[in-house]
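In structure tokens below, several structures.
In what follows, chain A forms one complex with chain B and a second complex with chain C.
Entry: the complex of A and B
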């Protein structure tokens, strides 16, 4: 029966192979998107929800805690991302240009990417400890008074940012190294033939050729930074810093959803965060395009 | 002048390399110290004698063996399932022609841009209504496939010429036989990368297991570790031993497969 209609341009059996994936994708990726949007207009508990209009949005947008969370998230993103990118660029370039045992350094610098943020966060918590932490000890060797890294409202964001930079180097370095390897070796040969020095080569060849890689890293890093959560959890022992001083957007959502039992408010905050991430990514891509020209 | 620059750059590189590995090394060392060694000033670097009984104490204070088995089980099932579903889907997308194929690919690419954190809470809701809270299923089901890896394999399988598929069809091979005998052997490097990275990200997952399980029985290593840290208070030497338990298996996998992992990540920029 079906044989007669055989048509190599249309093979419906493809859906059979896609089915397992599509079921999971619809149930756990597509459906929740719409569901989150609907829930952001509802109030009440998870079991008993009723329409609430834009009440949730009004509540979130007038909540000083939400703004604090957003401010912290933005501060984290706009300090960690540039610092980590510049450091990674320097490291990747030195490995690429000056080192013989490249794979040894690659292996070392990539380690933080594969290891659990929670476990390493606990190690950093130990290092940052005010009375017996190794960081304060090292600072005392150069004559700096001990810093209260973990239990000081004004320090918790700094501590979080240091940890954030440490964790985001790994991915950047590997991607930048791959980008550098993709640059045509002929460029370097010719530049050297004309007597260009290292700095000129870097500025005129390496860096311009790396701009697409840079753009990619910037986007991925900013998105990741806006979702920061696990690092806070690990560093401050399950708390968003002392007196909630390091609370972030995802922390706020988690708190409203899971602890306070206000899913509507959590979802309104989620939608707002999602829109902010889209906007930041969009604006940043526009700027990069302008710079690229 | 050039020598000075080279020296300074190497010094900088060395310093940062030390900053990167030091937390791992000191975690292992501090896990073998006594409490007073771990909290002494100036800090102890090498413990006077290795306190292996720290590990025994960790195992008696919290069921880390159980956490460990849970984590291995959940990560292994997730990895195998992801590999199967992603290969089947990527096969359909590369070898077969069907209506709305473009739509399916466009849908996947746009879903890639959705931050996972924005759907995770609704997924919690879905799992709760399925009555699956505090089960292994809750930890596994949402991760039975991965849009990213379908997309990744799709790109990889495209490089395998479609003439292989046509030749296999002419020889009378079924689709499954083609996948098993030709597609999988030919795409082995990509599958190894996908497998290892899925395993690692499953091992390191934290927020999802935290949401859907609160019984100790179903805890994974990371969540067990976080809970242990809160419960054990200031016993840093035990915390370091527990952290070592969580990190070491992945570090071993990493050191064995580092080439595949780094190549895979560098090629397509996988961000967990």
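Entry: the complex of A and C
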């Protein structure tokens, strides 16, 4: 029996099924977004807030620590993302082309993704240790003097970038492998029959068909890199590097909110970071579209 | 001395001509293929293909026809036997050096390239690659041949199945191969388009003069366009013959059953003392044409194969009379269905012969067009 107003293309019932996720999204994503916007115009403690106008923004934008944090974040994002993407593309291609038992290697490469960053950070702290770390030991084998990876103001960003690249490989490789697997095997067979070599096959068949996957990863990676926090926390044992040398934007926000007890300033910084990420993503999409054409 | 010149020249030209005209042969000798899972796809297959011929590998799924194609292309390695092009073995040659063009069932066109780029692709990769401008010129020549010039700037995704097919064939031809291999070229097309494209394929490969091998499971497709048909079953060639012979002179029961639509009627019979006996009728062997017997027929169990169009209605000397169970009208034909000793039998008559369901009809066979198979399925008549 059809109801009088039955319409197969528009069923109000659908809202019922969407409701749970809509409630959760609204409660934990949309509301906090506006709440932090409001809080960025308030000062005082969390239980006693007063309107403050643009005072918070003035403070943040004149704070040299904030600019240092932004510089670090940008440096992290614009080095880690391209290096990690190129490396993962190379590794994914090698696994896809040359390796038998692909699923085994896929599992191996995916393990870091399911392991907690904190745990990886602890292990890396040992690797990077200036006096007994394995990295310095390996470097000494090829005659390079030991590097003070963790406790040198000038090295902490480099160390963080190496760590950042390593932690983003897993996800990228898995997604790229999935993208490669989606390409028709016969495209390769026929290309080989035409005499194309591996490089030509990669450049003219694999890569062009991976561009949508690549664009997706680029967007996700950039956003994640701008929000970098856990890696810093894990690598430097809860500190933003020696003498705050590896402070990132989110670290600054966390510091202002929890340590300094200035939620207003933290929220102003949050809004600024939000706008920056929005702009970068927007510009990046524009560029990708241009490149795509 | 001077007078010898034209002679020598003629001789020399003649020799040259002979060389280029020399029959290009694909020789397949004792070809075997056993897959890793122990499946024996080919059991010592032998055949030859002449230059310029359009040959069809026909057979049901799993008969080994695609395996042969992949072996010739070099996508699979044979377990035994040899494949020779122009007399020299190619088994150890890489696919790219075999001078073949291959078209996959799903065409495998590159979705991110335009039609022109797709067709140019083979010319712009590998050791033999040529300059872009030159490649474009060659590609355009072939695209004119296959009538796809106006599609050159389109992406494969926007083309119809038939257009994609033509692009795939053009791309396979552009390296000027000696052999064109087509794997189920028409199976992705709708019925009407299939008729059109199959004729187009024939016209095209004949125009280019390229030796072509194509694989299909559709007998009608095979019968309509090929010069030669190699009919396979269970890794063995059943018959390698002209299309018409496959229908008129099948080697064995499998061929007779596979070729022809509606399917041939098969009736189990006993031959004893010069009589062919069936629960419903008895035919003296003398009724069959003497010279058509290929072997002597000792008494025993046989199968009488008779095509529906050779089961005739008759008004006199009926072999048997039976009740029609159902009637199908297909275009200008009327197909009568009835049972003979629990075997379903079809007879094709013209539409003018008005026979309705339930009618009692008298039948006879056209004996000179019947087949008799022995208990091994080999044809004896």
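Going forward, the second predicted complex is superposed on the first by the 268 of 293 C-alpha atoms of A that agree within 3 Å, B and C clash if a C-alpha of one lies under 4 Å from a C-alpha of the other, contacts with A are read in each partner's own complex, and residues count from 1 in each chain.
Quick note on the criterion: a contact is a pair of C-beta atoms (placed from the backbone, for glycine too) under 8 Å apart; a residue touches a chain by one contact, two chains touch by 3 or more.
All values reported here derive from a predicted model rather than from experimental measurement.
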Quiz item: Should the pairing of chain B and chain C on chain A count as a clash or a fit in the superposition?
Solution: fit
Quiz item: With the two structures laid over each other on chain A, which partner does A:12 touch: chain B (first), chain C (second), both, or neither?
Solution: first
Quiz item: So, A:186: does it touch chain B (first), chain C (second), both, or neither?
Solution: second
Quiz item: By residue count, is chain A touched more by chain B or by chain C?
Solution: B
Quiz item: For A:194, is the partner it touches chain B (first), chain C (second), both, or none of the two (neither)?
Solution: second
Quiz item: Given the touch rule stated above, what does A:229 touch, chain B (first), chain C (second), both, or neither?
Solution: first
Quiz item: Given the touch rule stated above, what does A:202 touch, chain B (first), chain C (second), both, or neither?
Solution: neither
Quiz item: Looking at the overlay, what does A:114 touch: chain B (first), chain C (second), both, or neither?
Solution: first
Quiz item: How many degrees apart are chain B and chain C as seen from chain A, counting from C-alpha centres and rounding to the nearest 10?
Solution: 80
Exercise. Determine the nearest approach in Å between the Cα atoms of chain B and those of chain C after overlaying the two structures.
Key: 13
Quiz item: Do chain B and chain C land on any of the same chain A residues, and which?
Solution: none
Quiz item: Where on chain A does chain C make contact in their complex?
Solution: 184, 186-187, 189-197, 200, 204-205, 208-209, 211
Self-check item: chain B contact footprint on chain A (complex, rising order)
Solution: 8-18, 20-22, 24-25, 27-33, 35-36, 39, 46, 87, 90-91, 94-95, 98-99, 103, 105-120, 122-127, 129, 131-132, 134, 137, 166, 169-171, 174-175, 177-178, 198, 216, 220, 223-224, 226-227, 229-230, 233-234, 237-238, 250, 253-254, 257-258, 263, 266-267, 270-271, 273-274, 277
Quiz prompt | Contact footprint of chain A on chain C as seen in their complex | solution = 73-75, 95-97, 100, 102, 104, 106, 108, 110-113, 121-122, 125-128, 175
Quiz item: chain A touches which residues of chain B in the complex?
Solution: 2, 5-6, 9-10, 12-13, 16-17, 19-21, 23-24, 26-27, 30, 38-43, 84-86, 88-89, 91-93, 96-99, 101, 104, 107-108, 111, 114-119, 121-126, 128, 141-142, 144-145, 147, 150, 175, 200, 203-204, 206-207, 211, 221-222, 225-226, 229-230, 236, 239-240, 243, 246-247, 250-251, 253-255, 258-259, 261-262, 265-267, 269, 271-272
